[in-house]
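Written out below as C-alpha cells is the structure these notes cover.
To keep things simple, chains are lettered A, B, C, D, E and F as they appear, and every chain counts its residues starting from 1.
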Amino acid sequence: MLDLFLGNFFSAPVLFFVLGMLAVAVRSDLEIPAPMPKLLSLYLLFSIGFHGGVKLEQGDMNLQIVLTLLAAVLLAFIVPVYCFFILRLKLSLANAAAVAAAYGSISAVTFVTADAFLASTGKSYGGHMVAAMALMESPAIIVGVLIVRLNASKGGGGKVKWGELLREACFNSSVYILLGSLLIGLITGEAGYKDLKPFSDGIFKGVLCFFLLDMGLVSARRISGLLEQGWVPWLFGILAPPINGMIGIGVAWLLGLSHGDALMLAVLAGSASYIAVPAALRLAIPEANPGLYLPMALAITFPFNIIVGIPLYDVVISKVLST
Amino acid sequence: MKPVKRVEIITNSVELQEIESVLDEMKVSGYSIIPGVTGTGDRGRVEGDELTGVCTNVYILIACSDTEAQKITEAMEPVLKRFGGICLISEATYLTHSSD
Amino acid sequence: MLDLFLGNFFSAPVLFFVLGMLAVAVRSDLEIPAPMPKLLSLYLLFSIGFHGGVKLEQGDMNLQIVLTLLAAVLLAFIVPVYCFFILRLKLSLANAAAVAAAYGSISAVTFVTADAFLASTGKSYGGHMVAAMALMESPAIIVGVLIVRLNASKGGGGKVKWGELLREACFNSSVYILLGSLLIGLITGEAGYKDLKPFSDGIFKGVLCFFLLDMGLVSARRISGLLEQGWVPWLFGILAPPINGMIGIGVAWLLGLSHGDALMLAVLAGSASYIAVPAALRLAIPEANPGLYLPMALAITFPFNIIVGIPLYDVVISKVLST
Amino acid sequence: MKPVKRVEIITNSVELQEIESVLDEMKVSGYSIIPGVTGTGDRGRVEGDELTGVCTNVYILIACSDTEAQKITEAMEPVLKRFGGICLISEATYLTHSSD
Amino acid sequence: MKPVKRVEIITNSVELQEIESVLDEMKVSGYSIIPGVTGTGDRGRVEGDELTGVCTNVYILIACSDTEAQKITEAMEPVLKRFGGICLISEATYLTHSSD
Amino acid sequence: MLDLFLGNFFSAPVLFFVLGMLAVAVRSDLEIPAPMPKLLSLYLLFSIGFHGGVKLEQGDMNLQIVLTLLAAVLLAFIVPVYCFFILRLKLSLANAAAVAAAYGSISAVTFVTADAFLASTGKSYGGHMVAAMALMESPAIIVGVLIVRLNASKGGGGKVKWGELLREACFNSSVYILLGSLLIGLITGEAGYKDLKPFSDGIFKGVLCFFLLDMGLVSARRISGLLEQGWVPWLFGILAPPINGMIGIGVAWLLGLSHGDALMLAVLAGSASYIAVPAALRLAIPEANPGLYLPMALAITFPFNIIVGIPLYDVVISKVLST
C-alpha cells in the first residue's frame, strides 16, 4: 500500500508538480508564460474528451452508464448543499456558498492526473466518465448562486442574470471543449483516433508534466494568501476531498462500477474547481472573496488529491469492491 | 485640436463585456482596451497567473466630451462598487482623423 | 458522391472547425489565446513546406512542373483582374480592388485541409504544388494596388511605396516560411525528414484540428459584421470559389496534371487570402474597408471551401480527368 | 521635475513602423509602446483576434517638449486621417534619470 | 469624485519587483501594471524580443494623493537614475468603489 | 573534414537558424510571437535535463564524473577572470566584467545543438554533462559582480544584494528546470522515459529547428547595434569561443573524457550566455551596457559556435583524443 503512494509520488507528473511548488519556495523566477497554461489545459481537455468519445464509440450504451451519469449529476447538486451548511458555521453567506460551489464542481486536471495514474496501474475506465465530468462541472455554480439569492436580504447587490448564468454553466469553455471533443471522438471513432494519436496520445503525458509544473507554481503562490485566513480553509480543504471521495466510492459501489470508473467518480466527487467556478462566481457572487475559494481549491485540495487523494481512493476501492 | 476628457477605467477583466455594452449603448465615439493588466487595490493582489482570467484586470481609455464623461462615470459607479476597480478623469486635447 | 461530402464533413478537422463556429453561436467563452493561432499557422506552413521540399527532392524536375508553376502564377495575375471587373459593378473602386486581390491570392489553411482530405482518400500530390502556393500568394496584392492607382483620381491619398510593397509581397512571413522550409526540405531530403517526422508529420493532423477550431471561432465572429453589408458579399463569396476552382481544374486538365495536383490547383484558385493580403492592403489601400474583404474571405469562402469546396472539386476532377 | 507634454497615439498596429520612423527622424528623446490594444472607433471594432495583426491597435506614449508635441501632431495628422486612430495631448511633470 | 495625482512610471521590467516592494512598503492604496511595453530612450531601443525579459519595459500607474506622489517620486529618483526609465505626474479626478 | 562542416551547415537545425537570420536581412515580417520562444527554450531545457537524468540513472557514478564536474566549475570561475583582464584593455570596468561574465557562463541552446550534431554523427555523451552545464551557468555572474565591486571606487551605485544574487545564481529558471528535470529523470529512470518519450524525444529536433529559427531572427536583429561598437566585440566574439573551446578540450584530454563528453565540455567552455547572465547583470551591474554584452554573445558567438565552432571542436577532438 505504501508502494502505491510512493509509486504515485515518484511518478513524473507528480514530481513535476512538486518541482513547481519548490520553485516558489526557493523564489526561482521559473514560470510558464501566459497564455501557455491556458492552451495546455485546452489541449488536455481536448485529449481526454476525444479519447473518451472514441472509447464510448467502441463500448455500447447500457443502463449502468445512464445510471452513472444520473448519479454524477445528483452528486453535483447535493455535495454543494451539504458543504454549504457545514461551511456556513464559520464563513459568511457569500463565502460559504462560493466555497461550497467550488467543492461541488470538479477539477479536470485532477481527473487527467488520475487517468495517468490509472494507466500506470494497468487499469482503465469508461469513456462515459468523461461525460460525467462535463455534467458535474456546472450544477454547483447554480446551486451556489441560488443559495445566496434565497438567503440574501432583499435589495442587496444587483440582480442575477439567470439566462447568462445558465448559458455560461452549459457552454463555458471547459465543458464545451470536453463535450465537443467527446462528440467528435464518438463520430470519428477508431479511424479518427488513429490519425490524431501522436498528437492526442503521444505527447499527452509530457504535456501533463509541463502543465503540472505550472500548477505547482500557481498553487504554491496562492498558499501565502491563505495563511491569513486561519485554520478553517485548511481543515475543510483537506477533509472535504476524502469525505466527498468516499461518497463517490459509495455511489460507485451501489451502482456496481468497475475499479477504474469508481476511481474516476471518487476523483470527481473529491476534487474542487479552480477554473470554471471561480470565473462564474466572480461575476455572480462578487461579494465572495476570490482570495478564499480560489486558493482553497487550488493550493490545498488540488495538491492533496494529486499527491495523497488519488492513491488513497484507489486503495479504498480495492478494499471495498473486492468485498 | 479640441479639448476632451480622458476617462480611464481599470477593473477586473470579467467585467469588460458589461462595460463595453454600456459604452456601446451610450454610443461613445470610440474607446481603447489594454488587456493583461495586473495590480493591487482594496481587493488584494491581482496576479494575472490564473488559468481563468479571473485574476487579470483590464484598462479602458475613452476620449470623450464632458457630458459623455459625466454619463460614463455615473454608469460606472455601481459597477466599480460591486466589482472593484478605479475610474480616473483628466483633461486633454484631441487630434483625430475626423477632426476638421 | 454524397459519401465523399459526408466523409469530409465528419472528418476530425472539419468537425473541429464546426465546433468552433458553434461555440460563437452559443456564446461560449472558448478561445485559443493569442498568439497561439499565429504559431500554429507558422507550424502548419513549416510542415507543409518542409514535406513539399522532401517530396520535390525525391521526384525529378520536369517540363510539366515548370508549366504548372507558370500557370499558377498566371492564374494569380488573371483571377484578380476579372474578379475586379465583376465586383466593380457593385462596390467602390477600393473595395472592389481589395476583394479581388483577396480572391486572387490563396488560403494556406485551405490548402493544408485539402492535404489532409487527399491523404484520407489515399491520393497524394507533388511537392511543387507547395511552391505553386507560395508563388500564388502575392501577385494579387500587386494587381490590386495597381488597379487602384491606375483608376484613382490624381492627388488622392499618399503615394504607394512600390519598393516596400514588392518586398512585402515576396518576403511576407507566410511566403517566407513556406519557401524556406521547402528549400530546407529539398536540401536535407529523406534523412532530414526522418529526423523531424514526429514533429512535422506526427502531430500535424492534431495541430490542424486545433487550428481549425480557432478558425471556426474567428470566422464565426466575423459573420455578424457581414450582415450589414447586404447580399453582394455572400453571393460573391460563395460563387467565386467554385468558379475559380473550375478555372483551376480547367488549367489542370490542359496540363494533364494528376488527380492530387489538380485538386491542389483548384483549391489554390478557389480560395481567398485572409492573412497576407489583408495585412498588405491595410497599408496599401487604406480606403478599402477591412470589414468587407477580410470577413468575405474568412467567414464565407473559407468555410465554404472546407466543408463543400474541397469534396466538390474532388468529384469534378474525378469526372473530368477520367474523360 | 519639469513640465512636459504627454502625447498619446492609438492607431492600427500596421502603422507602427511608419510612426516610429517619424519619431526617430524627429529625434524625440524617447517613447514607449504598448502592443495588443483593441478598441472601437469610426472604423468599427478592432477585435484583436485575427491572424494578421491587422486587427490590433497599438498605444504610443511620448513625453516631450511643447515644440516636439507640436511637430508630432502635425506629422500624425495625415497618418491618422489615412489610417484612423486618435492622438491626445495632455500636461504632466517629468522626473527622469537624466534630469539634473 | 476627488482630485488625485496620476503617477506613471516606465522602466525596465527587471526593476518591477523592487518598485512594487517600495510601493507596498509605502502602503499606497493601489496601483496597476501593464507588462510587455517596448520603447526607446537614452539607453537605446528596448525591443522586447529577447528570451530574458531583460529587454522589456513595464508601465506602472498609481492614482494617489499629493503627498504619496511626492514620496513615490523621491523613492523613484535613484532607481530611475540607476536603471533608466521615466516618471510622469499629472492631475486627474478619481471615482472609486470605496469613495463615498 | 570539409564534409563535417558542410554536413553541419546543411543540417536542418543550422539551416533554420540561417533562415531566421536571412529573414532579418530581407526584412521579412516573420517572427515567432512572444512568449513562445521562452516556452520552447523551457521545453528544450526540460528535454535535455530529463534525458540526462535518465542516462545518469543507467550509468554509474565514478571518479571521472566527479572530476569532470569539478573541472567544469573550475573553468566557470577561471574563464571569466582571464577574459576580464583581456577585455579591460579596451573596455570600461563594468563592460569588461559583464562581457567576461557572459563568456564564462554557457549557452544551453548551443549545448542542445551540439547534442543534435553529436547524434547525427552517431556518438553520445554522458548525462553528467547536463549537470556540468547547470553548474557552469552561474559562477561567472558572481565573478563578474565581484570584479566590479573590488575595483569600483567607493560610493558608486547602490549596494549589491549578495543574498539575492546568490539565490538567483542558483535558482534562476534555466538552472532550476535543468537540474529539476535531471533529478526527475534520475528518479523515474527508464520507465518514466518510455512514457514521456514522444514528447521529450520525438518532437525534440523539430522544436529545436523552430527555436533556432527564432534565434536566427533575434541574433540578426542584434547585429546592427553592434556595428557602432567598433571591431573589439567582433574580434573577441569570434576568438573567445575557439580559445575557450580549446581550453575545454585540454581539460577533457587531461581527464581522459570520451569524444562526446569532450565535445560537450568544449561547447560549454566556448559558448557565452545571453539569457541567465544578462538577466542577472541588468540588475547587478546596471552601469554595463546591455547593448554590448548581449549582442556579443547572441549575434556573434552563438552563430559562430552553431555554424563553425561545433564541427571545429569535433575535428580537433578527433585529432587530439586519437593521440
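Here, a contact is a pair of C-beta atoms (placed from the backbone, for glycine too) under 8 Å apart; a residue touches a chain by one contact, two chains touch by 3 or more.
Computed from a predicted model, the values in this text were never measured in an experiment.
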Copy pair subunit D, subunit E: interface residue numbering same or different (half cut): different
Chain of greatest Cα-centre distance to subunit A: D
Whole-Å separation of chain centres (CA-atom averages), subunit E against subunit F: 34
Subunit B and subunit F, separation of their C-alpha mean positions in angstrom: 45
Chain centre separation (subunit B, subunit E; CA means) in Å: 19
For subunit A paired with subunit E, centre-to-centre distance based on mean C-alpha positions, whole Å: 39
Junction residues of subunit E - those touching two or more other chains: 34, 36, 82-84, 90-91
Subunit F: positions in contact with at least two other chains: 31, 34, 38, 198, 202-203, 279
Touching chain combinations (by label order): A-B, A-C, A-F, B-D, B-E, C-D, C-F, D-E, E-F
Residue numbers on subunit E that touch subunit D, as the complex places them: 8, 10, 34, 36-42, 57, 59, 73, 76-77, 80-91
Interface residues, subunit F side, partner subunit C - complex: 10-12, 15-16, 19, 22-23, 26-34, 36, 120, 198, 202-207, 209-210
Complex contact set, residues of subunit D against subunit E: 1, 4, 6, 23-24, 29-36, 61, 63, 90-98
Interface residues, subunit D side, partner subunit C - complex: 12, 14-15, 36, 43-45, 47-55, 78, 82-84
Subunit B-facing residues of subunit A, complex: 31, 34, 37-38, 41, 157-158, 217-218, 221, 225, 274-276, 278-279, 282-283, 286, 290-291, 294
